[in-house]
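Each of the next two complexes has chain A plus one more chain, namely chain B in the first and chain C in the second.
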Partner chain A sequence: MLAEIFTPDLFASAIRMATPLALAAIGGTICERSGVVNIALEGMMLFGAFMGVVGAMFLGSAWAGVLVAIMSGMALGLIHAFASITLRTDQVVSGTAINILSLGLTGFLMEVIFGHPGTTDPVARLKPVFDISGPTEGALGTAWRWFDAIVLSYTPIVYFAIVVAIVGQWALFNTRWGLRLRSLGEHPRAADTVGISVVRGRYSAVIVSGALGGLAGANLTLEQVGSFTEGMTNARGFIALAANIFGRWTPAGSYGASLLFGFADALQIKLQLFRDVIRIPSQFFLMLPYVLTVIVLAGAVGRAVAPAAIGKPYEKG
Partner chain B sequence: MDTKLRKVLALLLVFALVTVFAIGCAAEEEEPVDDGVEAPVSDVKAAMVTDVGGLGDKTFNDGTYEGLKRAERELGVEIRAIESSEIADYEPNIDQLANAGFDVIFTVGFLMTDTTIKKAPDYPDVAFGGIDQFFEEPPDNAVGLLFNEHEGAYLAGVVAGLGTLDQDLDDRINDDNVIAFIGGMDIPPVEKFEAGFIAGARSVNPDVEVVALYAGTFEDQAKGKELALSAIDQGADIVFAAAGLTGLGSITACQERGALFIGVDVDQYFSVPGSGDVMLTSAMKSLEVAVFETIKSVVDGTFVGGQNRFFGLADDGVGLAPFHEFEDAVSQEIRDAVEEARQNVLDGTVTVPPTRAEL
Partner chain C sequence: MTESMHEMTIRRLLAIVRELAVPIVSVVIAMVIGSIIMLISGFDPVAAFSALLKGSFGGGRQIGETMLRATPLMFTGLAVAYGFRAGLFNIGAEGQLFMGGLSAAWLGIVLAGLPRPLNIVLMILAGAAIGAAWAFIPALLKARVGAHEVITTMMFTYIGRYIVSWLVTGPLKAPGQIPQTDVLPTESTLPKLHEVTAFLPISRAHLGFAIAVVLAMFVWWVLKYTSLGYESRAVGYNPWASETGGISVSATTVKALCISGALAGLAGVTEVMGVHLRLFDQFSPGFGFTGIAVALLAKNNPIGVIAAAILFGALSAGGGTMQLEAEVPQKVIFVIQALIIFLVAAEQIARWIIGRASREGVEHAG
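Now for the complex of A and B:
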């Protein structure tokens, strides 16, 4: 039974499912490090997923769709930044409004563009990066099968998410940009007095988080399934928010936490295969990733410390 | 920026959001089609409340709407569909339609059962049709419209059970005697599909292993894909999904990994563009018939509430779709077995179990 659960596909599945979570979570990290709460990740992901399909359809290329998805996420990021930084609205309210807006807007635009609700027409997807055939026989064949599934089987955005996590982690703690970003979230007044523009810094952070949210959506539609379904993000944006907190507001931590959630989800699918052996209702397996979220947050929140100025609009002077 | 301007901008932003949202959830209004024929006219008004999947799910909400459209065409009734974006919308949507003077309201989906029971007594002059809803004590003005999904799925199971052994059917059929079922939520109508499918497969192939996986949602395509990939990884070469929009992802998985697919509720060969290369057949349930007949009974004044009605193989309430692109590949042996199974169900020699426990 264990050999049937722990197949190479289990780990590949975990990484695939972790990718949209991780991109959105790292977006959340960057946004919240600048002192702006971002619960709009769900909406950004949903809107990016939809606009990615629209872009791919009208521009005729999945890559163009990815760019459109990123820009759409940035547009929502701009709205969130304008509301929460310039207008100093409550950031949670602004984020909630964007989530609702995104749900309504994607449903509405689907009617306008595709002429029917539910699901868009299918579009071309991004292909896996590598297509190498290796040995199939013996121990070498088994080793290759594992290596191929776990390392070589993915589409471009999956690899890009890993790059974002590594580069983001390094940049946040080793570059001038990272220091400035963190100062905005910890003590914006101090940053302001040494000449860092709080408004500009926060604006760019929120917009970058929108770009990553949109890219997460593109991963769902343009890499995984090839069409958009209303509400298809299915609360991944909120799980991503939890991953960001569990990852202690660091890019690498966010990726790691997302991987944990992705693995829990992949594992529950495999465990369902043995429903007849384990004799537990399927609902029990389905709740595992969410139970894990609650346990992890309850255990981690005591130790994880949020940026000091998070959620507080900055008023100059 | 001064405070006044900020306030104005904030108000504008709120206004814009509300407008867009309101448009986004506005009810469907179909333009009447002018086909030159003198349309029949009736003063009966019929409406439906969708479940959270909404119109465009290519399965049961759309199927109900087809029934309404047929009633509009053939009986001249006025129709309307209101979409529920979450479970909390069920009650206000029913209130809205009842207060707008609709004579017959369809509430779509098992999840709306309790809401229908609660709301029907409030509007005694309105006829309620509960799609997929079994009423223990049916209200006098409500009828539960149920389908013997397990009977249709039983035939699909026969096809899959023999198909997985028949490598002449398609080169995607492998050596493993494994097929798969993907469910949306683990609720009775879906369980009926699962139980019928398994029973059908085992009736012709006792050793077959049926991998059954549930997504816990009808809307998550990516989840549907991962479930199907996992099943295919397990050796499944024919995948049957009764999972609403989630099942669309399972079709993608079949196309990617080389497996065949069996659709659900409607003939998905037509409703899912580009799926023909994997779409072996579909286990259909004819919501259109059930909905149309209910409206017709209201128009004729013969509506009888307080009961549950079952639509099965006998009255074409459920059935199997054509093989389409696999028409030439499906062997006579499979066709004969399907026909035999159909006869056995019709004459009562075989009783198809509607739950896992009765398998």
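Now for the complex of A and C:
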């Protein structure tokens, strides 16, 4: 049975499941490195997922849908930035409001546009980037099957998330942009003193995190499912925040932690296929990612250190 | 003597009016923005809001329906407000509510045949206890390792919902096709309000409403006059100073989040005992999450929670009529809720409008 569980597609599915979490988690990393807490990732993802479907439907292309999803996430990011940076609202409260807004707007627009609650009509999905056939026979065939599944089987956003993790990791610690971003979250007054605009820097970080949240939503609807269902993000935005913390506020760490959660999700889906052998109710499998998140958070937090100025509005003085 | 007392009363009244100005203006702005959204989407906001009003306060039955919907929101609103007072954000009230509902659905059957007052007391205590227990691990993780309660209580919400989903489809499932528990015997249910009072019109409102109102006053008293409440507020206001002042921040954190969980658990108990009389998967349409909006609108004041819960209860009760008569999707109410949270939290917007309005008032008067 182990050979039936640990197949190439289990690992491929783990990477696919990790993608929306990783994009949102890296969004969280960038946002929180600038000193702004973002629990609105859940809402950004949900809104992006919905608007992606709407965009794909009305503009007739999945790629256009992806763009609409990114812009929708950015719009919510702008609201979060305005509330928490300009109006100095409690950032957690503003994030909560965005999550509820997103839940309401997607539900409302669903009925306005599609005429019914629940699930939207299906739209065309983005196709896998590569379509190469390799050897099928013998040891070479087995090797190719693993390689094909784990390396070549993905849709564009899955690859893009890996690029974001690598480039983000490099940029955060090796570029002027990264240094400035980190200074905003660690010591905004010092940043201000040397002429870095705290407000502009934080605005752009929050909007970028919105873009990544929206893109994470596009991955769900325009790559994984092909339609939108109300509330379909199922707290992924919160799991992504945990991944960001577990990844110690770094893009590569966020991706790594998301892989762990993605693997848990892929594994629970796989195990459900063996329901007749493993006689455990499906709800316990579905619980797995949430239980794992609590365990990971319990183990990680003591050692992970958040940016010093996180959650504090900056007042020029 | 009388004059100065008079002045004091007036000053106090003015203070209350000033306190209420921001929430009230926020609600009005949210409704205006909601109307604009309806207009853009091709609906008639006037028809929508008049249907909403009719469905929520149009008669005895409708007012009862508003009270019915306000009941769980009062409990979850109190839960979130208590947490906020101690500096904790219990975003997972929904999960504690599910566990409270679960305990009532199970215990109500076990206690069949015992006197009704006894059952009501026992089921309420059990629901509060399990709600507190469901908040205990997040509370402990917060106090010990600093794991953020927003993430952990949210995770426990999903875990709790899956446990309920498993139990109503499996071990606790009543015979038949539908995944739900057995219906509770009468002695394990809450009486309707019109059954216990002679003067109220017939409606679905139940005793839970009265319990919630009394509890809100009790929580207000606890926060204001007991050392438990004082410690919670002190930790919420300034944990470092509290620790220096001899208050254990971690013990207070655990206590406060568990009290919050207990309050949320009661929402589940009264929904099961007063409304559905049994448990099923979708028995809460997100009362725990709406409780956040209730607490914020009430500015975490337990007495304010009563009023805020009635407002959101009215929105929910009238939502059905609105959808039916004005054909506006009920979900727009979530949008209005979110806008209210924004506006209450970002006081400046409402204050700016109030400032302009009062300046203009002065100019007109002058």
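Definition applied: the second predicted complex is superposed on the first by the 305 of 317 C-alpha atoms of A that agree within 3 Å, B and C clash if a C-alpha of one lies under 4 Å from a C-alpha of the other, contacts with A are read in each partner's own complex, and residues count from 1 in each chain.
Throughout what follows, contacts are C-beta pairs under 8 Å (C-beta built on N, C-alpha and C of every residue); 3 or more make two chains touch, one makes a residue touch a chain.
Bear in mind that the values here come from a model prediction, so they are computed numbers and not experimental data.
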| item | value |
| --- | --- |
| Joint occupancy of chain A by chain B and chain C, clash or fit | clash |
| Which of chain B and chain C A:232 touches, first, second, both or neither | first |
| First (chain B), second (chain C), both or neither touched by A:83 | both |
| Touching partner for A:39 - first (chain B), second (chain C), both, neither | second |
| Partner chain in contact with A:96 - chain B first, chain C second, else both or neither | second |
| Contacts of A:286 with chain B and chain C, given as first, second, both or neither | both |
| Contacts of A:108 with chain B and chain C, given as first, second, both or neither | both |
| Which superposed partner A:298 touches (first chain B, second chain C, both, neither) | second |
| Among 25-33, 151-159, 259-267 or 331-339 on chain B, the segment whose C-alpha atoms clash with chain C after superposition | 25-33 |
| Overlap of the chain B and chain C footprints on chain A, listed as residue numbers | 83, 87, 89, 97, 100-101, 103-105, 107-108, 110, 117, 234, 281, 283, 286 |
| Residues of chain C that touch chain A when the two form their complex | 37, 41-42, 89, 91, 137-138, 141, 145-148, 150-152, 154-159, 162-163, 165-166, 169-170, 289, 292-293, 296, 329, 331-339, 341-342, 345-346, 348-349 |
| Of chain A, residues touching chain C in the complex | 39, 83, 87, 89-90, 92-94, 96-98, 100-101, 103-105, 107-112, 117, 234-235, 238-239, 241-242, 245, 281, 283-284, 286-287, 290-291, 293-294, 297-298, 301-302 |
| Contacting residues of chain B [partner chain A, same complex] | 1, 6, 9-10, 13-14, 17, 20-25, 52-58, 62, 83, 85, 183, 186, 211-217, 219-223, 225-227, 229-231, 233-234, 245, 248-249, 252, 273-274 |
| Chain B-facing residues of chain A, complex | 4, 7, 9, 13, 16-17, 20, 79, 83, 86-89, 97, 100-101, 103-105, 107-108, 110, 116-119, 121-122, 220, 224-227, 229-232, 234, 265-266, 269-270, 272-273, 275, 281-283, 286 |
